[in-house]
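The following block contains the structure, expressed as structure tokens.
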């Protein structure tokens, strides 16, 4: 119990620290959202409109940074993330609600696929090390050294060049109305294939490598030999004994990767014009949209923390040795 | 056989002179995260190390032997009790005073594979040890000579063959010798040897032990020899102390303790030691006739009274409640004592000699 | 290739027109007055709400056509506007539009500065019968087109809103030919009103606005035909887009009366020297900028010495400058410089009259690749007269701040535009907007140009009561532009579009410039009403 | 003598292949009889573990078995089978059901993430898939009771048990399928003497009850002498002497056995002079010619450096030794009569 | 260290990686001198495919892409290695101290690195580089360095915690070594492989980050690096125009550098964990040339086949 409380205190502290940093850092940026909005519309919005925008965003009244900070914290405590500038007057929460599912859907599926296949491949490669499977390793290493956006852009170009009708942007076909129907889901899946494939391909080698190395390490533990000596089926030795024990570092890696989802997908979302939170971040940075940026930061921070919490819990389940504290 | 009066000519040291004393030494390790619970690793340990004598400390695994050594080396702060060097109480943690203490009291670690830094050569290890304690001599040549001398002391000759090797390039016995050499570099008066041979192979073991015995003789060192191999304690130590669950339970000269163990635990220990002669038709000692000799106790909540009482075949009412003080064991003259209620009555002779 | 599941496909009466903008996911906001709304970003606000008059953006000098107002009269030196409101116009909820609604719409702008995106200086509004009178505190000569673009919203609905400035108007009701059918962050669909539109209903049955997440997806959609109408910069558009289907894929990019160009900080030595600025203007290769920087179409070439884009600006160019083009003249520039005390070192580098070498830092935000390309070209051009040039890729926000407060040497920047050259010139050289260096100058004149004659001419132009005064003022302004080079215009702003005539015809084109083509401006309504199914 | 269960014939085990190969076990002949405890001793690196792992084919790479046979005599009678020729599936069936193995560190032999019960039952499930989970659990309880551990520890994880308990769990597990052969590789070196004796007593007792044979490996000779029936001494990958425990203790023939016995200080009786064995174990990559022990042997003489002595019976007694002191001297060297001293 | 390098370069993977890396280091220093053209200079060869004149082709402004790639190496390497050094130094200082000190100080430092792990680094980098646009490559490198040390610090802390109680550290202490000497001379050498591997990892990360930042048009990065080339290619939609040569070389250069660093890292990994060494050896050849399959749990038997009949005869 003490352990749990301690973890909780740690998470609270981290959350507070992250929120504070997330509050102050965007404000270091010079300029303001009105100018950014004008810049975005290069010449389409007149300098005359500026005043109306300042009034609109409530920026005509000056407020000290500290007051803003306390106001922000107060607002947060009510679950209110404020109103986006660039999408005025839409609440940040709404924007997050509409963009988060895309990122989580895409990145989480990709992460899951890459993690499971990578880990599985790593298990197999570590177990049957030296087999032909091992030759996959240098290839995946090479691929993972390539910037993902580059692969993405090339993929798009090749597909366009060969005249494929494969969708290469957006979240779904423009004609569809989102809903839980087959056409929409099919379209969403189809649209996410490429970006997901790219995320998977470029991140898999890490999983493979760490899992393989752990398998090799665990493979020489005595209990593996004992398991063999017990005459257990090889598959059981491989999965229930070796992989089960080798999995632990990958689990914390998974949690960490889960936390970094936004950072990791953001370029992919830009290259594939995927309407997720990474894309939204880029827009928010460009528009100096503090409320939105803060909201995004908050969400990512929560992601990392929740992911870490899950990893802690998973560790408790996976490794009985950690359970003795408590 | 005991307490050899072999003071070398020209030296003023008196063999038998007290070097290091521990009085009521206690160490509790906190466990858990900030909880009030502690491991009673060492409780009320009193011992004396004398010049030119080897004192063995035996006892089962986890009974606190290493902790005693580390306390004596001032590597752990103690929870209670006192450590006296030449009669003077010392408590040092780091800095110059710690060095001054380390110059006189050196420790040899249990595991020669772990106690040498794999990234440094033997020369580095020994040079550091010499430098720290100002025994490196004058200039390069002086250092070289000091190193050669040092390796000579532990019979690693010629020195050049070993100086520039890395620990992993040496055999276990050689490594253990380097570890001893490092301790000797400080030119200490007391040597705390924590299971110096347990990791070594049978044929190498003997060499290291003989070396220790020889060093004791030659340099008049006070040696604490920690082991759980009682037979070797019988052979190399002048005195033997027995620990059980953090407490001293018996002590005296080695021959009496090993041949006429007084405390039931010591008897169990000695009876348990493998003995090839048994197959030659000897009856099993009565301590081993019980089905199960029990598990070592928890040190977080140690048994009340005598800590051995839950496993003791001779346990009495009193053992359960009262901590036994040291009692002299009657029939052997040379300071043989046991912390056992069996010896409280003057006429406890019939229990005294079971082996 | 044309996405359409439920409705009839394009190309037949009642079919679908696919419109796209590269603006990313939208949030549901149909408030026509808010520039941040989806309606503004994608342009569909013009299909739901209508203006008082229809301006031809391709030919801004033309008189606007009556729309919700049948007649308008300016009086009191353009300080009083009397509007005659069209009869028989119904909002999409069936209620009739009255003068009251028009008056209310102006009143909204007056009451809510946040909604007044054209910063109209409204003094008072009144209505009687079908007449609405709006009084202004300043002359609206130069902003008359903006005034007439004011949306008319139903008073009955809007007056009930708690705060019209932050209301997202989930169910927009306007007089326009279309109503909102569905909204998703990616796609907004509008259907034509079944009945009650005050003029002939458009033939396009459904407008489908897709907000693409970036220029490249938008471009791909255009090239594949998934999108038929858009406004996006396509590098090498002729090859990438037009050549894909030469018969139908069209680039229509008429300029408007605004100019992009190199703004020079005229207070920084040696750029306060007119001769130097003129020489710089003489070596900038506008053709290269047009071809390489603007892909040969996007921002039309400005080569009139007055900086006015043609043909939009043709009616305003004074006789003296008619047909005078800015051409590259390196020798002339060098001669001009040497005549004015500049000298060239042996390695060809330029020295100012005080003997200091001339160097310049060009700056623009890092992410703006078109401007960055242009800066590269300009840097190369300046090398020819020995100016040492470096390019600073700034952060957008920092750049904004620096430009606004005059902390720069030269930068590519746009100018305002409007129905007359006034907006552009005022933005470039109005001494009234002059702010000291270090103070933000939101209204323009980033170059800190200060010529009282020009300032006066601007005032005269805006407030004159007669055309002769205006003409004189214009001449002064153009002369200032040519002789003092407060800014070096290189390209024009545009009101263009990429479109496909495969399914729908009737688009404006270079031979029939009945309006601009951009799907997000008022002209879009005009265009949609012109469209007919391709046979 | 009773029936053999396991016969090793000329077993050779290498680490690595070709030129690089280290011959860790060379040409070992050994017979394990039904119901006996065969002790295997020798100093560190002499190949004891390699032998144990090799005969069950559990050596990790780069270990390979480069020759010989391991004949197993099934309890039902029938022809002996060569473990080295079994297919993977046969081997899998053979393991644990016929021969189980207890490794040195119980700490590392139990999978830290599985409960004791899981680890006990999965071995039953693997060999008897038809058994019901409840019967397996019942058997697991029975097994724990056998080694004196309360049934409530079934749900414990290995880290929750003390070292001695873990070791006992391993022994219980080794007996789960009532195998014919139990191989124990230094099962007690990590334990203190009290615990060690406890466990070994249990083992001896169970052996008497269940009748399996034990191969007991350690380098602690005094332990072996006390607990085993027969002892084989290994040196440099070979067996150099094999004899009933008492005889070996009383009268070691090979100088190396003699040295080993004199390296232990005895706990009781008169203090005797300890000699130890000079020198260090041979480098398996560069084995001395002839008898591998000759560079360290106090009694080495001419033929020792040249020819390798065979493991032969020096006399009528059921014991063998590989030493020129006790066997016929090779015909080409003429110092035989001098060599034969004791018998 | 000597043995480290020796083991290191004997590994073919590492040797290849080191060779490629050496080439890039050379280009970083000599790239500008070797470039045939000024990378910014325009020419009349607009958007030309690779040719003898322009090995990698030209941009929409007629700039020589080969020269851009060559000149761009310097910035990439500079940022990568500077950030690597900064992050590694921070990781070592914070990780090792927090591991060795323990107690409240150690916990605080560990909490600090956890906070840094949680902060979305890439976004932070974008914002900071945006707000100080004049910082140039050094600022970019520093910011990357300052935001990417946390993971390594955690790894080092864990390693230090396990080393701290090792006997040789205790032995050094018992011998009278001072704390700083223990940290510098006893702990650090044992952590060197982990540190080095963390360093390589950070360099890869920094290179990818810098390229990414340049690619999305974050200012303050030197005029020419591989990311800016890609930025231009992307903003001109080079691939849509068919100008693959604009896009491919820079990306390949990044991949090559990344691969080289990963290969070097393999070597370090194998050095740190000897079990990973030679694990590839699965198909070996017996003395008589027969292939032998090495497997865990099923030791191969390689003696010559003996007739079954002979075996039967030997029974009993």
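Just so it is clear, A, B, C, D and E label the chains in written order, and each chain counts residues from 1 on its own.
The rule we apply is simple: a residue touches a chain if its C-beta (ideal position, glycine included) is under 8 Å from a C-beta of that chain, and two chains touch if they have at least 3 such contacts.
In this text, all values refer to a predicted model and were calculated from it rather than measured experimentally.
A.B. asks: By the touch rule set out at the top, what is the minimum number of steps from chain B to chain E?
C.D. replies: Step count on the best path from chain B to chain E: 1.
A.B. asks: If you apply the touch rule, which chains end up adjacent to both chain C and chain E?
C.D. replies: A
A.B. asks: From the centre of chain D, which other chain's Cα mean sits the farthest off?
C.D. replies: Taking each chain's C-alpha mean as its centre, the farthest from chain D is C.
A.B. asks: Considering D-E alongside A-D, which chain pair is linked by more C-beta pairs in contact?
C.D. replies: Counting C-beta pairs in contact, A-D comes out ahead.
A.B. asks: Would you mind pulling out the distance in Å between where the CA atoms of chain C average out and where those of chain D do?
C.D. replies: From the centre of chain C to the centre of chain D is 92 Å.
A.B. asks: Round to the nearest whole Å and give the separation of the Cα centres of chain A and chain C.
C.D. replies: 39
A.B. asks: State, to the nearest whole Å, the distance from the C-alpha centre of chain B to the C-alpha centre of chain D.
C.D. replies: Computed from C-alpha means, the inter-chain centre distance equals 33 Å.
A.B. asks: Mind pulling the chain D residues that touch 2 or more other chains?
C.D. replies: Residues 53, 58, 60, 88, 91 of chain D each touch two or more of the other chains.
A.B. asks: What residues in chain A touch two or more of the other chains?
C.D. replies: Where chain A meets two or more other chains at a single residue, that happens at 29-30, 156, 160, 220, 225, 228, 234, 270.
A.B. asks: Under the touch definition given earlier, write down the residues of chain E that touch chain B in their complex.
C.D. replies: Touching chain B: residues 3, 166-168, 170-179, 185-186, 189-190, 192 of chain E.
A.B. asks: Which residues of chain A touch chain D once you look at their complex with the stated criterion?
C.D. replies: Residues of chain A touching chain D: 220-223, 225-234, 236, 240-241, 244-245, 318-321, 323-324.
A.B. asks: Provide the residue numbers of chain E that touch chain D in the complex, in ascending order.
C.D. replies: Residue positions touching the partner: 281-282, 284-287, 292, 294-303, 311-312, 314-316.
A.B. asks: In their complex, what parts of chain E are in touch with chain C?
C.D. replies: Its residues touching chain C are 40-42, 46-47, 60-61, 129-131, 133, 216-221, 223, 231-232, 234-237, 240-241.
A.B. asks: For a test of understanding, state which residues of chain D touch chain E in their complex under the given definition.
C.D. replies: Going through chain D, the ones touching chain E are 9, 12, 17-18, 53-54, 57-69, 71, 79-80, 82, 84-85, 88, 91.
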